[in-house]
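Look at the two complexes coming up: chain A is in both, with chain B in one and chain C in the other.
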Partner chain A sequence: MTGAPLLEIENLRTYFYARSKQAFIRAVDGVTLSIARGETLGVVGESGSGKSVTALSITGLVSAGPGVISGTIAFRADGVEHNLLQDLEQYVRLKERDGRIVEVSKDEPGWRKAVERLMAPVRGKEIAMIFQSPKSALNPFARVGDQITEAIRLHTRAKNPGEAKERALHWLERVKIDSPRLRFDNHPYGLSGGMCQRAVIAMALASEPSLLIADEPTTGLDATIQSEIVGLLAELKAEFGIATLLISHDIRAISRLADNVAVMYGGTVVEHGPAPDVLAPGFAPKHPYTTALLASIPSVQNVRDKGYLTVVEGEVPDAVDLPRGCRFYARCNRVTDDIRDKCAHHEPELKEVTPGHHVRCWLSAE
Partner chain B sequence: MTRYSQIAGEGRDASDLPVWRSADTLDLAYIGYGLLIVALVLVSYVLGVFNWLPHDPEQIRFDLLNAPPGSAGHLLGTDFLGRDILSRLIVAIQAYFLPGLVAIVISLMVGTTLGALAGYRGGEVEVLVTYVNNLVDSFPRLVLILLVIAAFKADIYYIMIIVGVTGVPVVASLVAGKIAFLRQKHFIEAALVLGLPSHVIVLKHILWYHCGPLLVIRATIGMGEAILIETSLSYLGFGVQEPMPSWGNMVQAGANYFFQGKFWPSTAPALAILLTILGFHLLGDGLNSILEDRGGK
Partner chain C sequence: MKLSALRPVTLVLSRELALTALLLLGVSFVVFVILFLAPGDPFSVLLEGQMPSHEARAGVREALGVPRTWYVQYVSWLGNLLRGNFGTSIRTGLPVFGEIVRVGLSTLYLTLGSMLVTLLIAVPIALHSSVRGATPLNRPFTLLAYLVSSLPVFWLGYVAIYLFSHKLGVFPLVSAASASADRAWLYSLLPICVLGIGNGTVSEVVRYLREELSRVMAEDYIRTARAKGASVWRHAFKEGLLIPMTEIIASKIPFILGGAVIVEQVFNWPGMGRMAWQAAQDRDFPAIMGIVMIAATLVRLGSLLQRVVYVAVNPRASKQRRGAGWAE
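Up next is the complex of A and B:
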């Protein structure tokens, strides 16, 4: 349980080439994160801040299309360290002219094979994923139970069909689907969104992974179901202690589940630290973006204090043309004259402000 | 099971109902008619194979030239050589049944493979498959068949291989389109993250669960097309040759006597063609509306 973290992402850059602009869309631009065994890391941020692409990069789903990925993702399981991005860069050739990338040629079959080779030992077995829209994450024409059974037979020692079915039923019970035996035989379209999400969670957990990636698991569900799913995830966390990367817009879900929180903005992490510190209302020592994000949550406290909800002015920076200085500079309301110059032209480092709490801001760097 | 969920107040969902219960009556009628035709074709094929026929189809009787239906035990009459039309109609199914199956198997197998490759792999493979498809598609079918006949010989199997190959693009684009549609849903990604090998995803989760109905429908329509091609060629004299009967050459031979008032030698095979092809097409159509249109749910 001690020593190196389970998952260590170092300087991850996932770019997509936009031919029309002759430039990269820098969806993820220098993300460094780590997750220890048993830890739940919450990732928050606006749409377009690179949260989901980070998750897709970890699971090797960036293979299709013009995606280019660099950095290291170290994943340690069973005493073996896997670099999930090993040598992937060699399959991509860039052609530059006048500082513009005029062509990206990618050895697609080679890339695909390499990804498959790198992912084969971990996908499903060690890393499982819960998706945003549970209904589309299940094969609509296959029975729910069969899909779970398939995962079990693939990854656990329960190889014979009867035994695997028992395990699947057990997991359906575990995620509190009512009448699991009936649901086993249902097709996904016969299940509600909440039930589908429970089935997806059962499918992810059934192979007993060491890392669970939950990409906005409550988006698209109604409010009561959302809190039920969050409750379920909290219970499962307490019971199994599976390390989880929880990506969500829902700050309440994050604050309930996460041990640590990373705040993403413009493709990078701007703040990273223990959940209570990062999610505490107020100012110092925090990134102005986190403060603004927290102030925009509809909560009794916020409304009582201000009488209205604040919005974060402006929009997420264009991922093609990211600003040279601080990414949040254009929207920041706390920039002072002393540091204005630095903010506009130099990107701040991720700096430790209190033990374990890092902030990427010139205010905190002083 | 159904009763339990009713008691539990959850109602029945569509997955509990057999597919024909929720289907449109007209579609069921189409399918019923289509299945009847398929059954008739199958039975006739077996009758022909074992030679269980009302009369010898090649026995020539000069005393009964172009005899009208019903005369002397000939239910549909006789043709210009006094041969029994009904027996010849039944035997003629030999001309297209197996060759038609060959054509279907070729177009389905090759088409599914190419379509799955193009849809699943994408990128350069897709471009390549699209080019091959367009190439094959841009060649007029009949011209290609006539070329093959000229180069080799007028063998029905050669013709049906061409029919099969020219049927590939349709199947390939159907399968590729289906996969492109399924890709918008995330269960393929989910299956990948679950660690399922690609061949399991393609064979089981895409082809088995999603493309089965599509292929059955394509097969029935393909059979209709194969029959039509065979009959047209035989009518033109390129397909099955006399004295072997084929619906096409029967219509052709009978047509000479049509305006002498002896309409039955050509009308009987023509009707057989019409009803059979209609049957295969309606079957495909009906299956399409009850099996494929549920996909969105």
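Up next is the complex of A and C:
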């Protein structure tokens, strides 16, 4: 058991059905990832690449509608292995005509009940989440402290109110919120964005989870606050070593925190490997998208070398009508004539280029 | 509630009470003027069937001691009101206030009962459809509720009487007042249900609650609550249910009072609505004014209650200081 990863996502597909187009929006399309105990996995990619939907799929928070989630998500905590998507497919019926899905009927109440049943022992207790825009993530009608106390009383052994409050104050101190006793009694609107995010982090850690999912934890905060929050996460990582799925646009945050990095594009993972390998600008066997993404980070180095900022040309592929071949083909600037045909018509596999480092590109497949 | 939360509530209360006084003054003035501009006057009604001459009318006026100009009348009426004197009814000669209190209680019973009926029907439908969306189960209920609630209340009242009293004989044809006291509550169920189901309130409560609840359910903090494994309802209750419910009830009070006037006519219910109707027929100015003032006060009380709940519940509103706008 110890050898097995904490979280193993196999071929996850999360589709939303667009009735008007009679087609699926393939938000997540075949993601395979795993997180070992104590590991921090960074997930990077543009908006719309399926990062957040992946996170929400893990915790069963994908919002309703006739959507389909398939694949397996194995989560091992407390000596029990949970399949977080167990038997969910039985609630969905698809009607296909000429290989195209023309109708989806979903037993929504049954689906939801099943999701809630699967998630009950896990959500909040074993898997905690941190979201972007912390100010709206906290309940504006409840005191900050009470929201943390609630998590503690729900998921830890500290059931009595006084004890739980002490724990909550302890966690508020741990996330370095100033004057925790004062903040405990505050409502969220009285706190700044940075303080709110600290409170949200305290709330997530307070239930002592095995896995922390941070969905763009620094988005929507001031630049200085962003680096403070990243610093805090780094400290907490060093102290507790909780396995973390860190989703971010912020490559600097990723490079500071992540052990491994997965690059997502068009709903799938195009590159996955140790952070230093994936994030090194000059590293040779690498997905062209990663190269372009790294080149577009505003940094002193980038600007000094070139005198301008590069952008990744083109747009993210339409999730309704994903290309048949490589998803990045239309925007790729490294296509050579030898492989052009393959790029356009066949999707490459994730291939191991160096130990632990996988790339989904025909260039690396040679 | 903690003591610290009480201060903002008293602040709101005092503000709202001052506003209410001003509003009541305005309402009384406008209604008074309209009464004088409207055709007919109490003296002709009193002298009905006697071919009232100018002299006869003037004689009655002298006998009752009514001033000649409308503004003197208004000022003296207002002066009496401020001393707690609502005047005497021209028709019955009894003090208006005593009469309103007597009939007001049965109207209060009718309106509160009908509100309860409305909520008992509307809240489950709203809850179910906002959580589940339109399902084969709640769609027909929603449709039926909308249909029934769009029926005019006088028509629904007569149909109910025809069906339940005349055909089925479940309820007697006589009014609640003439029934023996221990069964009065049973006889009052019909008018209460008619006012609660019809009158357009059910559909509006359903719609408003459903919209508010769906909006709140899509809020980030509800997702946070789900992510931490907490009860969604616990977190959604204040903003998604308590506040919209007080809001919609407060805004519906005038309509419920208006509906009560009709229901009381149809069911011969001895309430304020019937008294108002009678007073309007008789041009009984003191009685009309008295009822208008009481009704306006009730409406203001409703919105006052709503403000108080909102401020007591919403930490942001309760922290605002005097002078900082209440707009939210």
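Methods note: the second predicted complex is superposed on the first by the 359 of 366 C-alpha atoms of A that agree within 3 Å, B and C clash if a C-alpha of one lies under 4 Å from a C-alpha of the other, contacts with A are read in each partner's own complex, and residues count from 1 in each chain.
Rule of thumb we're sticking to: contacts are C-beta pairs under 8 Å (C-beta built on N, C-alpha and C of every residue); 3 or more make two chains touch, one makes a residue touch a chain.
These figures come from a predicted structure and were not determined experimentally.
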Which of chain B and chain C A:Ser179 touches, first, second, both or neither: first
Chain B versus chain C as contact partner of A:His187, first or second or both or neither: both
Which of chain B and chain C A:Ala280 touches, first, second, both or neither: neither
Common interface residues of chain A - those touching chain B in one complex and chain C in the other: 59, 61, 64, 108, 119-120, 123-125, 128-129, 131, 133, 136-142, 150-151, 154-155, 187, 189-190, 200, 203-204, 207
Residues of chain C that touch chain A when the two form their complex: 132-133, 135, 218-221, 223-230, 235, 238-239, 313-316, 319
Residues of chain A touching chain C in the complex: 59, 61, 63-64, 108-109, 119-120, 123-125, 128-129, 131, 133, 136-142, 150-151, 154-155, 187, 189-190, 200, 203-204, 207
Touching residues on chain B, where the partner in the complex is chain A: 1, 4-5, 8, 13-16, 122-124, 184-187, 189-196, 198, 205, 209-210, 295, 297
Of chain A, residues touching chain B in the complex: 59-61, 64, 108, 116, 119-120, 122-125, 127-129, 131-133, 136-142, 150-151, 154-155, 179, 182, 185-187, 189-190, 200, 203-204, 207
